[in-house]
Amino acid sequence: MTTDTLYQEIILDHYKHPAGRGLREPFDGESHQVNPTCGDEMTVRVRLAGDRVKDLSYDGKGCSISQASASVLHQLVAGHRVDEAFGTCDAFTELMQGRGEVEPDEDVLGDGIAFAGVARYPARIKCALLSWMAFRDAVARALAMAGKERA
Amino acid sequence: MTTDTLYQEIILDHYKHPAGRGLREPFDGESHQVNPTCGDEMTVRVRLAGDRVKDLSYDGKGCSISQASASVLHQLVAGHRVDEAFGTCDAFTELMQGRGEVEPDEDVLGDGIAFAGVARYPARIKCALLSWMAFRDAVARALAMAGKERA
Amino acid sequence: MNELASPLDAEQVRKDFPILERRLAGDRPLVYLDSANTSQKPRAVLDALADHYERHNANVARAVHQLGEEATAAYENARTKVAAFIGAPSRDEVVFTKNASEALNLVANTLASGLAADPRFRLGPDDDVVITEMEHHSNIVPWQLACQRTGTRLRWFGLTDEGRLEVSNLVDLVTERTKIVAMVHQSNILGTVNSVSPIVARAREVGALVMLDCAQSVPHKPVDVTELGVDLIAFTGHKMCGPTGIGVLWGRTEVLDALPPFLGGGEMIETVDMTGSTFAPIPHKFEAGTPPIAQAVGLGTAVDYLSDLGMVNVAAHERALTTYALERLGEIDGVRFVGPRLPISRGGTVSFTVDGIHPHDVGQVLDELGIAVRVGHHCARPVCVRYGIPATTRASFYLYTTPAEVDALVDGVKQVQRFFG
Amino acid sequence: MNELASPLDAEQVRKDFPILERRLAGDRPLVYLDSANTSQKPRAVLDALADHYERHNANVARAVHQLGEEATAAYENARTKVAAFIGAPSRDEVVFTKNASEALNLVANTLASGLAADPRFRLGPDDDVVITEMEHHSNIVPWQLACQRTGTRLRWFGLTDEGRLEVSNLVDLVTERTKIVAMVHQSNILGTVNSVSPIVARAREVGALVMLDCAQSVPHKPVDVTELGVDLIAFTGHKMCGPTGIGVLWGRTEVLDALPPFLGGGEMIETVDMTGSTFAPIPHKFEAGTPPIAQAVGLGTAVDYLSDLGMVNVAAHERALTTYALERLGEIDGVRFVGPRLPISRGGTVSFTVDGIHPHDVGQVLDELGIAVRVGHHCARPVCVRYGIPATTRASFYLYTTPAEVDALVDGVKQVQRFFG
């Protein structure tokens, strides 16, 4: 293990040039997540259209891993079907919790495979997952709200 | 250290044939003491006459050391002047707390010198002192009561 | 007797415990019959402690550095081991405390605090807490203090002359008023193992929680929390080959989730503002401050050690010894047992009195012979009061105890009688 | 720099600490700069633990046997050593807890319980508790919980931009309503050492208690409770060369006597009846259950170790290192200190940010170089909020830290900047 396993070029790129960063209006669901050990924070908003994630916008303070991960999240789920996005979420979570023993599928995870090394750093897994947890929660809130409105 | 250091013949004698045992009426002060570690209990009554301890009566449950010590206490203080009795108390307490390094004075402590070995058994010191603490407390109560009556 | 119908080779086991080679005053070998008070530690546990401090020592859950990650992994791994050892469905249900007493106090205290959202977890003046007359002080005083604070009524099961729980009044005692039944699994003074299921059944009928004090059962026999069907248990590391300074509270997730936090600070928080804080999920919610890290690692190793021997074997070994000890001690004139006389539903803890001789004197003379027993009320004074005695002498066995040590005890008691005769 | 104006020979001291020979991933030597989180342990402490478990292990205060007497003597002897170490007038004023957090909670909890006879020791809705914005969570959350239970108002001293206590409003803050001022002696994030005497003087005027969190001062400089003139202090063994699993509460006799019991059970009682109990005198009143026996023995040895080196020398060594570190780190463009920039009234804990790089990333790259620092809010989140930062990188020094390690840190930070630049 060296720093390079963790800080892949792709990660540093996303960190320095994040995709889709910034909180945008309108949105259907929002979630704010905190990493208690380090004080990192991440807010994620989703805008749904039918069965699709029309936009995912985000903002937060945190380390390169959490920032880059949010950028990759945006790249992978914005414009995609909600069920597909949840599948990607599952795959990314599995990769993170796999102690470095899970082989990532590039077709599903795209740039996300660069995070494979993070799984070997227990203290950083939460950083990588922060935005993904917020995304899941934001969609759940959006759907709950929509359900209420229909009722 | 062997059992014989602790269980001197004199101690076993007092244990098997205690002097002055039993609670007697009338009395001027009474005290009940408990040893929390083993549940031993001792009640001591004093009857005062002028500056003298006219009688000291006692009863309790406990080990050979606590029972023999009460018997020696009776022997040493019943009939003696209160200030003398307190002097004896001080000497006995000093002996017990002296970690086996205090040379007991037979003139003051009489059979009490047999307890010198107890000082080397931290768990038993409290047993030996139980009746003596009760005696001191009983006299204090008697004097306080007398003071109140005079006032 | 030298042959015991035991699946354990105690002579072999003894080699794992350095202290058992200790010579006492007068060059006497140590006959340690006080394991219910605290157990001795195998070499494996001492090595684990040394290795932790010499190679991996760091604080947990706070560091991104290598030592911190190693220490955290070791600490959390100990939690996983303990959870498996007691059959806990989730490792998050295992909370490390400083001893069993803290675990018991944690529950009494949080129920009494009034801070739980759900009223089932708040004690009040219309409620009862039910304990038993054979509890250790650590499962009496916390409830007395809790009841004093909240006006809750404290009730208890009495004892039969045989040293067993009097359960004939179960239905009158455990009622709709009862919020929690807190009772000992195996008595540390009587040796009695309580039958838990009828009480759990009744508690379920009336919606009461059940907490079991397993300080004397988890070290000595297989304990499976799922099988027991209780809500909470407490036990302590130092009685099960582990270090001092660590205990365990196990609780069902729903129950631990519902209890408000106990001690505040350190890593038990989610976020802290000067004006208010939110708390971490279990188990961390109940682990304020730097936990007993090295001690958890040691306890994890102790659990491995016990599991390797097999708790079924440990229990069988102690049963054989107890049978033998009850038989041999029972033959001595003037020896009276306090607790079950038959080796049925009881553990390897044998309390007795010797006619006309105070336990302090019994213990003292035994000590001169190198035999370590405990004398006193064993932190269960109500039991002594119940049986009208000031104290008992208690011999307690563990996996390293041999029948020869029981023989030494029997000979010792006879010598005591000669001495004071 | 290789020569430090320090009275300690750190190279010699390092030989006492086995872990400092540890090689990390990539065969890097360990540069341990996280002692404010937890300290490393000298061989003497590890030997004392092993010797205790291998030769003297038994429960305390309960046994008449030889091992029990030895364990009790060792445990109580540790209390005597700790009392002498902090200048306590009586050894009975030293209570062993599981960590500093428990000591702080003990005081908050017993004040909030409402069980004290004397109203000065009962918190209520007309009272204030005063803390500071630079407290560790362990001295915030207990008071938040206590205030929540009792309706007491929580107030706090703010911080200056320099990282010092804002005391200009002392008289408005500490008033007749104030029951207790609870504050940190040395901040674990800022390094600031607070000046205690003006606050004690004001507290005395209004009849408030003063409790000092000495978790970061007792390990690093001479602390004399009598000189400080406070009522209570808390500290923790693992930060002062001692084992995990032990902390200390010291309190003036009158204060500890007046506080009601905290945890119930075990040896904290005088007598127990099913209907009510009475309690042992201090310190045992506050030590429920089997205490951290081996850990107390280890802490006693740690205190001996520190005393032999001399706490004045330890403090001087750290001052020299801190001066050097502030100077060298201060030369790096983009490094900003959080806490006093001058080595005056501050300890060897240096928090900083690196422009544009998150502390997690700083810590991670340093770790790859074998340099262990802590990153995050250091359990003092309000300080981060106060200074508008999410977290800091913190290097903290101890008696085994060398100037070469400071150099390694400085080089490491530069490498971090290159990496993310």
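Residue numbering begins at 1 within each chain, and the chains themselves are lettered A, B, C and D in the order written.
Here is the rule we use: contacts are C-beta pairs under 8 Å (C-beta built on N, C-alpha and C of every residue); 3 or more make two chains touch, one makes a residue touch a chain.
The shown structure was predicted, so the numbers you read here are calculated from the model rather than taken from an experiment.
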Chains contacting each of chain A and chain B, listed by label: C, D
Steps needed, at fewest, to go from chain B to chain C via touching chains: 1
From chain C, the most remote chain by mean C-alpha position: A
Inter-centroid spacing, chain D versus chain A (mean Cα positions, whole Å): 38
Chain C and chain D: spacing of chain centres that average the CA atoms, whole Å: 31
Distance between chain centroids, defined by C-alpha means - chain B, chain D (Å): 46
Between chain C and chain A, distance of the C-alpha-averaged centres to the nearest whole Å: 46
Where chain D touches two or more other chains at once, by residue number: 25, 62-64, 68, 269, 271, 360, 364, 375-376, 381
Chain B residues counted as touching two or more neighbouring chains: 37, 121, 124
Chain B contact footprint on chain C (complex, rising order): 25-26, 358-361, 364-365, 368, 375-377, 381, 384, 390-391, 419-420
Complex contacts: residues of chain D adjacent to chain C: 18-19, 22, 24-25, 30, 32, 34, 37-38, 40-41, 45-46, 49-50, 53-55, 57-59, 62-68, 97-102, 104-105, 108-109, 113-115, 133, 136-142, 144-145, 148-149, 154, 156, 236, 238, 243-247, 261, 263-269, 271-274, 276-277, 288-295, 360, 363-364, 366-367, 371-376, 378-379, 381-382, 385
Residue numbers on chain B that touch chain C, as the complex places them: 1-3, 6-7, 12, 37-41, 61-65, 67, 121, 124, 127
Chain C-touching residues of chain A, taken from the complex the two chains share: 34, 36-37, 121-124
Of all residues in chain D, those that touch chain B in their complex: 61-64, 68-69, 72-73, 269-271, 280
